[in-house]
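Below, chain A partners chain B and then partners chain C, in two separate complexes.
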Partner chain A sequence: MPDYAPVDLTGTDLVEFELNGRTVKAPAGTMLVDACAANGVEVPIFCYEPRLGDPLGACRQCLVSVEGIPGLTTACSTPVAAEMMVDTVSEEVREAQDGILELLLENHPLDCPVCDKGGECPLQDRTFRFGPGESRMVEPKRHFPKPLKLSPQIALDRERCISCYRCVRFSQDVSEDGNLTMSERGGRSEITTFTGDSYNGRFTGNVIDLCPVGALTSIPYRFTSRPWDIQNTPSVCASCSVGCNTELTLREGEIKRVQGRDEPNWQVEEGWLCNVGRWGYGADQAPQRLRQPILRDGGETRECSLEEAVAAAGLVLAHEAHTTVLLGGDVTVEEAFIAKELAAGPLPDAQVGSAGVVGAALGPLRALPAAQLGDIDGADLVVVVGGDPANQHPVAELRLRKARRAGARIVLVGPRAQELESLGESIRTAPGNLAEGLTSAVAQIATVKRPLVVWDELDLDAEPDAAVVLATALGDNAAASQLELTSEVNGAGLRALGVAPHSRLVDQDLGGVLAVRANPGAGPGGDAWNRALDSGGPIVVIASHHSELTERATVVIPCSSHFEHEGVLVTAGQRAQRLRPGAAGPEQSAPGWEILIALSHRLGVALEYRSPRSAFAAATASAPALSGLDYDTLGDLGAEIATSPASDVNGAGAPRAHDGEGLPLVTGRSVFGGPEAHLSEGLVVTATGEEAVLHPAEAARLNVADANLITLNSPNGECTVRLRLDPGAPEGAVFAVRGVPGGTVESLLAPDRAPVNVTVNTA
Partner chain B sequence: MTAEEIRAHLDPIRDQFAEERSLVLPALKFAQGEKGHLTGDDVTEVAAATNLTPAYVESIASFYDRIYLDPVGKRVVSVCVSLSCMLNGSDELLEHLCSREGVSHEGGTSADGEITVQEAQCLGACDRAPCLQVDAEETMGPVTLSEADAVADRLRAEPQPRPVLR
Partner chain C sequence: MSVQNTLKGFRVTFRHLLKRPETIGYPEKKTPVFPRFRGRHRLWSFDNGLEKCVGCSLCVAACPADCIRVVAEENTPDNRVSAGERYARIYEINMSRCIFCGYCEIACPFDAITLEHEYELSEYDRGALVYTKDMLLAEHPKKVPLREDGSAASG
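Up next, the complex of A and B:
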C-alpha cells in the first residue's frame, strides 16, 4: 500500500520551497506530505492515502509548521507553493505528532505481540519513530467481544480501529459499493456495514491492505505467519488478463498471502486487487491439485516419479506418426515458445494451437495505439465496447469508476445488462447489432480530445463488422487509443509468438497429444474436442490441477502453478510482465518450461535453454513483437510489447451469422465463479455459479420459470442450467455464465466461438 | 416515507444551506416524524432525496442521540452523562431510571412501550446538574431520584404530544 503519491521531480513545473532549512523542489500543488517524501523527509500519516481521493484530515497525525500559517497545519491537505517555509522536525511539531499518537493510542490495545499486524503495522512503526515512549492513560480502554466477521474473509477487531476512515472511503469513493460506514462518532465510533450484513463485494479485501492498524485482517491469513518468518516476492496475478501486480508472501514453502504491492504498478492495478486475485492462491492447496505424476497403461492407473513420467511421455509421443500440441490460454511466453520449438523439431510432424479466438477482423484495432489501464485516468471519453469488466476483468472497473469521478464521460455499448451501466450512457445492442449500436459512440469519439476505447476481444470477434467500424472511428482521431480486454491471460503473448488458436485443429486427426495447461474438452466446442481426443492417440498432459483431461490422459505430469514458477505473461494493454515464484510447489511437480525441456531430451533433440530467462531471450529473438525485451528491462513493472502492424481484414469484416435455432446466446465469464474462486478455501463461500438469465417476458413466451433448471440446445451441444429471471436483462437473447468448473454452458459454443442460437426448454 | 415526500419538504428550505450535504439533518428529522424512528428503507429514501449514499446517511444518523434507527417508546427520557452531571450523580440517576423501567443499564424501552431511557452527551444545562431531558423539549435539573420517578409517572399519564421531535 503506497503511503505517499509518486512525485515527478524531473518536470518543468517545479517550485522551490524550504524544507527543514534545505531548499528543495516539487511540482506546485503537490500535497506537502508527498513533496516531503519525494525529498527524503517522512511526515507520519494515517488517514492520508493518495488513492482515496481528496485528503480527509481525519487523524491529524501529519501536523507540521508552515511559516505564515498560524498554529500547525496538516501536511496531507496543504499543497506546496513557491517559497513556502516548512518545518517538520521542530520541537513544536515533534510534540504535536507525539501528542496525536498518544491520543490515537488512548483506546488502542497494546496487544501487538498477539496482533496479526504486529511487525508490519504502520501504527506500531510510527509510534516507535514519532510517538510517545509511554502512555499516561490510566482509564480503561474500549473493549469489544472479539473479533467480528466483517465478511467471510475479513475480520474486524473494533478496539484496534483508530477511525482513520480509509476503509470507509475505499467503499464509498473507490469501489463505490457504499456499504462500509462509520457508525457513531468520537469514542464510540465503529466500522460497520449499512445493511448490517457481511461486507461482500468484488474488491472488499483491499480494506485489509489499507488499514494502518490491525483492525481489519484477512481471515485466511490471520495467525499463520509472523512478519519475520515470511518472504515477499513481487509477481503478477494470472486469474484474468488485467495482470495486476501482486506481492506473494511465502512461509514454509507455501503461499500464505497475496496482497497489493507497497510500490504499486500505477499503469496497471494501482495497488488494488480483486478478491479472487487476493485469495485465489488457496487453489494451490486444494484437493484437486496434482501432486503426483500418473501413468495409465491399458486399464491400469499408477502413480510414478517425475522422471518416469517424462520418459513415458517421450516414449508414447515419439511413436506417433504425427502429434498435436495444445496450449492453454495462460501458458507463459517461455512455455509456449519451448512447446513451439518442440513441435518444430523433436515432436513427430506436430502442429500447435492454443486456447483463444482467431479474431481475423481485430488486426486493425490492435494496430492502433495501445493504451494501458492507467491511461484511462487521462481520457475525457471512455467507450467500453462489449464485455462485462466488473466480472471479467475486475480491476478495470476501478479505473472506469475513477475516470468517471474525474469527469470523463463513460459510454457502454454491448449486448449485456451489466453493473457498470450506471457509470454513464448505456447502449444495449441486440446480438449481431453491435456495429449499429456504436453509431453514437463513434460520433462522440470524433469530437473529443482524448478518447479511449476499452474493448472486449470475444465480443468483437463475434461481431467483426463492429470491429471494423470501431477501428475506422479510432483511426480518424489521432489522439485516440485502445485497450483490449483479452479473453486469455496470455492471449497477447501467444499471438506475439505466432501461435494460432487450436479451434482449427478440432476436425483433424490429432495423433498424439501434448496438452500444456490446456483442457479443451471443458472449453468451447467441448463435445467436438472430446470426440477428437477419443479418436486420437495417447494424451500427455502437463497441468497443475486435475481436470477432465487429466482423467483420460496416458501420462499426467504435474507442473507449477503461476504462484510457483518464473515466466512472462503479456496481459491487457500488451504489457509483458514477469511472474516470479513465491513458493516451490509440490515435490513431484516442476515448472512447465523445465518439463518441456526434459521432454525434448527424451525425444532425442535436446533444447538447450537452461532457464526461463534464456528461453525468453530466444523467444524475443524469434518474435518481432517481443524484440528488445529481456528480464531486466521488464523488471518489476513490465513493459509494453511492440504493436503488431495493421493486417488486412479482407473478407473477415462481414457480420457472422448465428448458427442454430432459437434465441441468440450471449455468454460471459465471471472471475468470481472461475476455478480459483471455487477451489480456494477462502473464496468458496462467495464463489458464484453457472446460470442462465432471461427477461421475464421472454421466459413467459418460452414457458420456463424462474429458479427452474432449463435445458439449452445448440448445434454444438446441450447444457442444463438454473434459470434466473431478471427484468434488467434485454429481451431477445439468452444470457449465460460460462467458465464455472464442472459447468456445461461452454459446450453450447462452437470451438471457434462462432455465434450460436439456442432453444430453451424446462429440464 | 418516500424520497419524493422528503424532497418536497426540502425544496423550500434548500437555499438556507450553503452545502447540499447539510440537508441531510432536516431530511432525517422530517422522515423520522412519520413513525418516530427510521427504518433502513427510510434511510435509503433520505439518501435518494439528498444524493448521498445510504451508508453515509446512516453513519450520520447513528451519531445523533435524537435520530432513532430503532423503534423507541412514546416518550424519550435522556439522562446527561457528561462531566458536570457525572460529578453530580448522573450515574445513579441513569441506573435508577433504568431499573425502574426494567431496561438494561445502558438504556432501552420499557416493556409497555411508554418510555425509552437513554444516555445523552452534554445537554447544555451544566448549572443544573444532574439534568435530564424529555423528548427534545423539556430540560430539567437538578433532578433527584424521587423527582425522576415523578417525571416518569407524569409522562405515562400525559397524552403523547404530536408531532414529536424526540
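Up next, the complex of A and C:
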C-alpha cells in the first residue's frame, strides 16, 4: 500500500515552508503528511490513504504542531501553505502521538503471533517506531467471537480493528457500493454491512490491503504463510485486458496470494484489484490443472514425460502436408512471436490465427492518441461506448467512478443494461443503432476540453459505422483521446505482431493443429470449430488447464500459467507490461515459449532464442509497433507501444447485418463468471453463471417464463440457459452471458462474431 | 640432575595412577550436562493435550541456520490441535543444519519449544535427521544425566 501520495517536487507551483527548523518545499495544497514524507520526515498515520479521497482524520495519529494553529493539528488533513512552520518532533507532539498510539492499542488484542498481518502490519511497525513502548492500561480488553466471515473471502476480526474507517471509505467513496459501515460507538464500534449479510462485490478484496491492522484478512490466504516465509514478485494480472499490476506471493512452491503492489502503477490500477485478479490464482491448483503430458495413440491414452510429448508433437506435425497454429487471446508476445516463427519455418505449410475479431473499421479509432486508464480521471467528459466495464474490465469501473467524483461528465452508450448506467447519462441503443445513439455524445465531445472515449472492441466491431462516427468526432478535437478495452488480454500485442484472428481459418482444411493456450471449440462458433477440428489432422495442445480440446488432442503438453512464466502482454491503453514468474509450476510443465523452442528443435529448424528476453528483442525488431522496447525499458511499470497507423476502412458504412431469425442477440461476458472465478477454490462461491435476460414484455410475447430454462437457436448453434426477466433490459433483444466455462452461449455466435438473431423457446 | 628430573616426572605419573580417571566410559556411561545445555528440541503440549505451538513461525524467522519449516493451518471445532486460532500442521527441524543456538526457544512467544539435554543425535541416514512434529512432541527416549553446577564432569 502506498502510505503517502507521490509528490512532485520538480513542479513550478512549489511553496516554501519550515519543517522542524529546515526550510523545504512542496506543491501548495499538498497534505502535510505527504509534504513531510517527500522531504524525508515520517509522520505516523493510520487512517490517511491517498487513494481514498478526502482525508477523514479518524485516528488522530498524525498530530503535529503548526505555528498559528492552536493546539495540535492532524497533518493528514492540513494542506501545506507558504511560510507554514511545522514541527513534527517537539516534546508536545511526541507526547500526543504516543498517547494516541497507547489509546489505539487499548483494545487491540496484540495477538500478533497468530495474526496474518504480523510482520507486515503498519500498526506493528509504527508501534515500534513511535509510541511509548508500554501501556498503562490494565483494564480488560474487549472480546468478540472471531473471526467472522465478512464475505466468503474476507475474515473480520473485530477485536483488532482500530476504527480507522479505511474500509468504510473504500466502500463508500471508491467502489461506491456503500455497504460497509461502522456500527455502535466508542469501544463497541464494529465494522459491519448495512444489509447485515455478506460483503459481496467486485472489489471487496481491496479492504484487506487497506486495513492497517489484521482486522480484515484474506480467507484463502489465511494462515498459509508469514512475511518472512515468502517471496514476492511483481507481475501483471492476465484475467482481463486491464492488466492490473500485481504482486505474487510464493510459498512452498505455490502462489499463495496476489495483492496490489506497494508501489502501484498510477497509470493503470492505482493499487486496486478486482476480486478475480486477487483470488483467481487458485485456478493454478485446481484439479483441472494439467500436470502431466498426455499422448493419445489410437485408442490408447497414456501419460508421458515432457520430452516424450515434445518429440511426439514434432513427429505428428512434421508428417502433415500443412498445419494450422491457433493462439489463444492471452498468449504472450514472446509465445506468439515464436509460434509465428515456427509457422514461417519449421512447421509444414502453416497458417497462424489467434482468438479475437478482425475489427476492419477500427483502424482510424486506434490511430488516435491512446489514453491510459490513469487518464480517465483527468478527463472532463468520458464517453463509454459499448461493453460493460464493471464486469468485463473491472478496475476500469473504479477509474470511471473516480472521474465522476472529480466532476467529469460520464456518458454511456451501448446495447447492454449495465450497472454503471447510474454514473451519468445513459443511452441504450438497439443492436445496429449504436451510431445513432452516439449523436448526443459526439456533440458533447466537440464542446469540452478533454474528452476521452472508452470503447469496447467487440461492440464497435459489430457496428463499424459507429466506429467511424467516433473516430471523426475525436479527430476533430485535438485534446481528445481514446482507450480501447480489448476483448482479448493480449489483443493489442497480437495485433502489433500482425497475427490475424483465426476465424478466417474455420472453413479451411486445418491439417495438423498446434493450439497454444487456445480452445476455439469453446469460443464463438464452437460447433463450426469442432467440425473443422474433427475433419482435420492430429491436434497438439499446449495449455495450462484441461479443456474440451485437451480431451481430444493427440499430444497434450502442460505449460505454465500466467503466474508462472515470463513474457509481455500488451494491455489496455496499448501498454506493454511484463509478466514475471511467481512460482515454478508443476514439475512436468514448462513455459510456453520454451516448449515452442523445443518443438522447433524437433522439427529440424532450431530457433535460437534462449530466453523470453531474447525472443522479445527479436519480436520488437520484427514488429514496428514494438520497436524500441526491451525488458529494461518496460521495467516494473510497462510502457506504451506505438500506435498503429490508420488503415483503410472497408465496408464501414453500415452495421454488420444480423444473421438468422428472431430477436437480435446481445452477449456480454463477466470476469466474475470466467474460468478463474469457477476454478479457484476461494472464488467459486461467488462465481456467476450463464443466463439469458429478457424484458418481461418481450418474454410475454415469446411466451417464456422467468427462471425457466429456455433454448436459444441461431444459425450457428443451440444453447439452453436459464432465463431471468429484468424490466431494465432493453426490449427487442435477447441478452445472454457468455464466457462461462462449460457454457454454450458462445456456440450461438459466428466464429468471426458476426451479429446473430436467435429464436427463443421454452426448453 | 637428569636422574632427579626423571624421578620428578615419574612422580607425577604415579600420583595420577592412584587417582580416579577423568574420562568417562562413554557410551556405557553418559556425559552429564549442565542444566542450561542446549541439545535436541522438544515441543510442548498443555496438560489437556493441546499443543502450545500456534504455528506463528517466529522460530523460523529467528533461526540463523534456516533449519525450521512450519506450515500452519486453522484449528476447527472438530480438529482443535492448539490453544490458539492456528496450529502447526507441519513442524520440522532439520537437525543436520541446526547449530543449537537456542534462538527458536527465545523467539517462541508461547514457550512451545525448548532445547533439552539430549545430544546423541547421529543417524545412518540424512533423511532421518529431519525431525517431524510428532518426534519433537514425544518425550525424549534417552535420558541424559544432569551435571550439578560446579561439580566435576565425572560427578
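To be clear about the criterion, the second predicted complex is superposed on the first by the 761 of 763 C-alpha atoms of A that agree within 3 Å, B and C clash if a C-alpha of one lies under 4 Å from a C-alpha of the other, contacts with A are read in each partner's own complex, and residues count from 1 in each chain.
FYI, a residue touches a chain if its C-beta (ideal position, glycine included) is under 8 Å from a C-beta of that chain, and two chains touch if they have at least 3 such contacts.
In this text the structure is predicted, and so the values were computed from the model without any measurement.
Bringing the complexes onto one copy of chain A puts chain B beside chain C with no clash. By the touch criterion stated above, A:T193 is placed in contact with chain B alone, chain C being left untouched. By the touch criterion defined above, A:G118 lies against chain C but remains apart from chain B after alignment on the C-alpha atoms of chain A. Once the two complexes are laid over each other on the shared chain, residue contacts for A:S171 go to chain B alone; chain C is not touched.
In the superposed model, A:N179 makes contact with chain B only, not with chain C. Across the overlaid pair of complexes, the angle with its corner at the CA centre of chain A and arms to chain B and chain C is 80°, in steps of 10. Superposition on the common chain A brings chain B within a closest Cα-Cα distance of 27 Å of chain C. Listing the residues of chain B that touch chain A in their complex gives 40, 43, 53-56, 58-59, 62-63. Across the complex, chain C is touched by residues 111, 113-114, 118-119, 146-147, 222-224, 226, 228-229, 252 of chain A. For chain A in complex with chain B, the touching residues are 168, 171-172, 178-185, 193-196. On chain C, the positions that touch chain A within their shared complex are 54-58, 60-61, 70-74, 84-86, 109-110.
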